[in-house]
Amino acid sequence: MPTASLVTFFILATIAVISAIMVVANVNPVRSALSLVVTFLTVAALYITLEAQFIAAVQIIVYAGAIMVLFLFVIMLLNLSAPGAIKEKGKLQPRVALALSGVFILVLSPLFTLPGDPRAAQNLGTVRTIGLFLYNPTLPWLFPFEVTSILLLVAVIGAIVMAKRRI
Amino acid sequence: MPSYAWLIVWLPLLGFVHNASAGYLYKSLATRKKAVSYVAPGVVLLAFAATLYVLTKEVLTSPDHRAIVSLIPGLSPETPWMSVGGFKASFGLLLDPLSMLMAMIVTGIGGLIHIYATGYMAEDREQPRFFTYFNLFIFMMLLLVLGSNFLLMFVGWEGVGSCSYLLISFWYTDSNNAKAGNKAFIVNRVGDLGFALGMMAIWSTFGTLSFFADHGAGVMQLAAKHVDVLGHPLAPIMITGICVCLFIGAMGKSAQIPLWVWLPDAMAGPTPVSALIHAATMVTAGVVMVTRCSWLFVQSPQALQLVGWIGIATAFVGATIGLVQNDIKRVLAFSTVSQLGYMFLACGVGNFTAGMFHVLTHACFKALLFLGSGAVIHSMLGEQDMRKMGGLRKLIPRTWAVMFVGTYAIAGFPGGAGFFSKDEILGAASGSPWGNGLLLYILGLLTAFMTAFYMNRLMHKTFYTDPRYTNGELHAHHHSNFTPEEEAELDGHGAAVATHHGHGEADHADHGIDTATDHGHGHAGGSVHESPPSMMFPLYVLAILSVVTGIVLGPTHIFEKFLEPSVAKMSLGPLSAGTPMFPETIGWIISAVVAIAGLAFASVIYTKVRVTGEALSENYKTKNAIFRFLMEKWYFDKVYNYVFITLGGKFADKVLWRYVDVKLVDGTFNSLAELVGSVSNSLRKLQTGYVRNYALAIMFGVVALLVGLLAQWNVLSGH
Amino acid sequence: MSQTVNDLMHGILPEHLGPVQIPALVPYVALAGIIGFILAIVPGLIWIERVVIALMQDRSGPNRVGPRGLLQTMADGVKLFFKEEIMPRSVDVKIYYLAPIIAMIPALAGGGTLPLQVLHFRSDATGAIFTRPLMVGDVNIGLLYILALSSLQVYGVVLAGWASNNKYSLLGGLRASAQLISYELAMGLSILCVVMLAGSLRLNEIVAKQNVLPFAGAPEILRGSVFSWFWLQSGIIPFIIYTIAMIAETNRAPFDLPEAESELIAGFHTEYSSMKFAMFFMGEYASMLTVCGLNAALFWGGSLPPFNIPVLAMIPGVVWFIIKVMAGIVFYVWLRATLPRLRYDALMNLGWKRLLPLGLVWMFVMAVWSGLVLHPDNKASAATSVQLENVDLPFVPANTYKEIEDPKPVVPNQKVLPSAGGTGGGPAGGGRPAPQPATGGAGASNPQAPGRGGAQPQANPTTGGSPATEGQSPSSFGSASGASGAGVAPMPVTAPSGIPGSPGGQRTRLNQQNQKTESTGENGSDH
Amino acid sequence: MVPTSYYLVLAGILFTIGVLGVLVKRNPIVIFMCIELMLNAANLTFVALGKHFGQVNGQMYVIFALAVAAAEVSVGLGIIVAIFRSKETINIDEVNLMKF
């Protein structure tokens, strides 16, 4: 009898896959954006099943909350969602892409089986653990954390420079 | 004790330098010519004196008459003037009987010819240039004969070739002379190639090029010991190869069968040139070289046979062509070719000393004949065609006398120099070590007979038959190459310069140098007259010499003994020395009979046709196949022209240029360029500009990478 | 952890009532309470709002329908219910209907982690009193959860603006979402100050942290009193920032530009009619409630009475919580009645150029303050050299640090060693004992902290084999050992003998420090 | 307990869908979304493997991945806006100035 976690996993997995497909299949970018939001939320739920609570919350805040809003903003501001405006010219590209991704999956398949059994660990993803790990000077995470702040600064400046009419 | 040998060589060089810079040294042309006319012969005669001194003082006193001294006084003979890796070439001079003999010939007879030339070239404006080349030639010839190693000999060899080119085309304004000069030079070069190959072969086997070196390391010493530089026994094939190559060089230089075509055309040069270079010295260089390398030739029977047969063939062919020539100098030229054939025949049958003896005697009487003919031409105001001469016996009796002595010497009339040396060769030929001596002997006699015939024909045509020219008809063939001012200046001085007497007013319309014909004489018309004493004196000396050498050196065999140390014995090689079929006296009698028969036959024919001086009727000449064959010089020229010029030209054009150069060489590079171009063009299409194509390409990459990794991973982890 | 007076006063519930194990029911009771409260109170809120505004403007509010107009909102509801469904033509139907739902869901869900009350149970077996917070989900990222959901509210607004395919509504939608996003930042920062004080994201933890003496020698009556609540402890500035951000988040009062009638006709919900319009309103009021709830929990001591006197303690925590929430609502209405609407750029300026910098500076100040004053002794833990021993951390592979020290070739899976029974068996090099499978802590019973080494204070300080070494030698210190609390556990666990500067030593110091922090919270500090 | 390989399979599928989207769609914004999807799949793998090996490192990577993704999106969308403003269309097939 499948355990509760298996059931939740499969539900979430199917929702994620379907919404992911919707992202690609939808013609209207707003609809695909929304299905992407759904995907992000399901992935956040999956994180929780993987005991990564902090990551789940951050995922929702950053991905669903900020990035997707940015997407919606751009779509709406530029009124890009003229449906059907963009026709597929050559027929070759999609077919090749499909074939390639098929091969890709085949190639990845051996990687999915993992040696050894999962290792139990307590409060793997709690905020406290992550906090202690992130800010511990002896661990190799503090420096990248600081550098990411610079990265974000650069991104902000970049975005402004790109989007501003008159700099 | 310091040797003076270097003086022999340096004096002509000094003369050359002086004559060359005569233009700077002396302002006016007259003084310049006067100075040159004194310096040039003087230098050579001094060299002759130095040769005599060195011969007596140094060579005969040194052990087995051999000494190696340095060309440059201060240096030792071994200091290399060129050393590349293991190869060293030194400045040594080899003083031994052979080289001294040749040095004496070159400087002695050369000196006489220089004196003669001063007279002959008196009116020529370019006289200083002439004597510059003349002295340079002497210097080069001396280097050739005195050089202690093959390379120095080769330097002389090439120098002599170039001087002969310069002197043949002395009157370069006439394009025929220039072409003749070219022909001579090119044919010589072909020979020189053979010589060079021979040299390289020698170096590769004997490890050195010097003939004789201390503690037995010289080429000749090793050859004598039948061993090469590493001590291995000499391969017979190698020896034969070397000898053949060297002989090819000799053939080129001494005008033997395949490469003799340049000698008749070389008569385009002034007569002293023909006398010195194409009779006495240069052409004999081949014989000297063969004799020098007798140690090698002796060891390869095949080479000796080749030399012998080529020699006899050339002798016979030269003589036959000589019969039909009308130009006085060409007759002598072909006679030279034929006599050279005799010399090589002698070498071929192993009797090198006989060959060298004939070189000596031939140098004397051939120089005498050439100079005599020069005098005849001089007095005939440049006329060379015997058909226009005749009856000169009374007009120029002294020249006739001298010519008479020369003719009887060359014909082999008993008592003349030719008689003894030629007879020795014929004797040696009869006992040729490699068989068919009888055939050689008979051919030799036949050639001797023909020699006697055409020499006498020449004498009759020029001296005894009725004169075929009228006084008025005589006209100079040469335009003077004086510029108008110099002409005036010369006339002003009157006879100051010339040892000439009586020359008429130049009545030619154009005086420009470019229209000058082949000869430099400035006068026209005027009667036939004797040559000036400066020309006659050498003739007298040579006449005496061409008789004395024969009698003194011939029967007494002093010459063999003198030359003996520098010539290898037949016993060194596989063949044993051949003995003549019959004793010497019988040989003498036979050859005397043949010579007298030849002479008589000619005089009988030509006294009958005293008036026309033509033995055969005109149409007979044109129709008779043999006559035309001979006139065409056995079609050698035609064959060469056809084979090398036309065929060679076509081959070069069609195959070498159109195919090899254009298609192969250029083709490869051009196609390479096109290849690069086309490849890059096709690659260019990859940049479609569409982002999605690039994304697809990346995807391909990723998949390929993964497949690669997985394949490896599986292999590694053995799944 | 000693029970405070007001905790006990709430009465102690039996663990089992017949077959049912009451503590397990708590989340469901809380859920029903929250949902029911929010849905039921909304009409009341509308009524309160209209009455209060009317009173402030010296007029009497609705009084026609029902006594003093109480049924007025009911009537409006019925009206909206039967209003005709008007839908513009070229509208993106799916999204048009989705928008109000999305506006509603996050607001309701937000209440999930609000700490209503702390219930006390007497365990049948040992008779010891254990507490259970009355909240839907006591997740360790409670606060983050609420933040996340508030960031999802943007979608409702944006999609509404977009779907109604009308220029004004689009502009209104974009403006509203811009406002939401920028004030989310300010709210985040103010919350951060509180979290720094509380040291945890669990809301009941935060409330518990406010149940202390305001200052060292304060009389007992002030324990958990108004003065010890965070609005004062953290310096009033975070509260002010939070309140302003709270109002902006819900597009209310001075910041209700996007849906302002005078400006953009009704902003993003112009095209919506009847029930969908009602849904928007419900959503708005629900989010107001959630946000006020959070305000109450963070700054106003959640379910704590103003003073620690038995009389006030008698009243159950939930009531106090509701009182504080309604105070917030009244504040909303008060603002709506008095303050004029802020222009859009002024609104943005306030958000980005006033609140954000102030929040940042104040956060810095709080950091220094809490580091130096509140927790002086764990200076060591002030991000300089945190002892990780006592923290039941997930096992960290030995070679992580080894790589730092001496990059020996890493042998994968080297750490798979029988780790049963004791932390000592660390791999030779790494000294990284395998983590203690869940049996580490004796008191593993506590559901929220499975496998957490019991923070029971009674862990003896010197379980470590080696004497407490004052200074941690940096090299060994690197071994953020996964001793996972085993050290703390009462089991006679000896520290890994062979390892220099064994973690045992550090454990003791951290231990004391733990106790000190734990003493305040009633259950284990590590989450 | 859900075996980790299930998560990996799911991540693989999501990644492939993302790749497909990138290769097929022509609207750059949708391409960006697909890239985000791919990143998400990668994050999922990180977390799943982190849990499998009981290490928190996996989640650390995810945090940084999130930051990078956010930065990337902002700049990306900035570029798209710039392109749109200059060429009035963002169909990437028309944006082919780099054509040979």
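In order of appearance the chains are A, B, C and D, and numbering begins at 1 in each one.
By our rule, a residue touches a chain if its C-beta (ideal position, glycine included) is under 8 Å from a C-beta of that chain, and two chains touch if they have at least 3 such contacts.
What you are looking at is a predicted structure, and each value in this text was computed from that prediction instead of being measured.
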(request) Please name the chain that ends up farthest from chain C once chain centres are defined by their CA atoms averaged. (result) B
(request) Please give the pair of chains with the highest number of C-beta contact pairs. (result) A-D
(message) Taking the mean of each chain's Cα atoms, which chain ends up nearest the overall Cα mean?
(response) D
(request) Calculate how many whole Å lie between the centre of chain A and the centre of chain B, each centre taken as the average of the chain's C-alpha atoms. (result) 101
(request) Determine the centre-to-centre distance between chain B and chain D, using the mean Cα coordinates as centres, and give it in whole Å. (result) 95
(request) Indicate the whole-number Å distance between the mean C-alpha point of chain C and the mean C-alpha point of chain D. (result) 31
(request) With chain centres taken as the means of their Cα atoms, state the distance from chain B to chain C in Å. (result) 122
(message) Multi-chain contacts only, two chains or more: what residues does chain B have there?
(response) 692, 696, 699
(request) Can you tell me which residues of chain D touch two or more of the remaining chains? (result) 19, 23, 26, 53-56, 93
(request) Note the residues in chain C that touch 2 or more other chains, in rising order. (result) 393-395, 400, 435
(message) If we count contacts the way the header does, which residues on chain C are in touch with chain A in the complex?
(response) 92, 94-95, 98, 139-141, 144-145, 147-149, 151-152, 154-155, 158-159, 161-162, 170, 173-174, 177, 181, 184, 200-201, 383-386, 388, 391-395, 400-401, 404, 413, 416, 435, 437-438, 440, 449-452, 474, 477-478, 480, 484, 526-527
(message) Applying the document's contact rule, which stretches of chain A touch chain C when the two form their complex?
(response) 28, 30-31, 34, 37, 53-54, 56-58, 60-61, 64-66, 68-69, 72-73, 76-77, 115-116, 119-124, 126-129, 132-133, 135-140
(request) Spell out the part of chain A that touches chain D in their complex, as residue ranges. (result) 3, 5-6, 9, 13, 16-17, 20-21, 23-24, 29, 32-33, 36, 39-40, 43, 46-47, 49-52, 54-55, 58-59, 62-63, 66-67, 70-71, 74-75, 77-78, 80, 85-86, 88-89, 93-94, 96-98, 100-101, 104-105, 108, 111-114, 118-121, 124-125, 129-130, 133-134, 141, 144-145, 148, 151-152, 154-156, 158-163, 165
(message) Taking the touch rule as given, give the residues of chain A at its contact with chain B in the complex, in rising order.
(response) 93, 96-97, 100-101, 103-104, 107-108, 110-111
(message) Under the stated contact criterion, what part of chain D meets chain A in this complex?
(response) 1-10, 12-14, 16-21, 23-27, 29-30, 32-34, 36-37, 40, 43-44, 47-56, 59-60, 62-64, 66-75, 77-82, 84-85, 90-91, 93
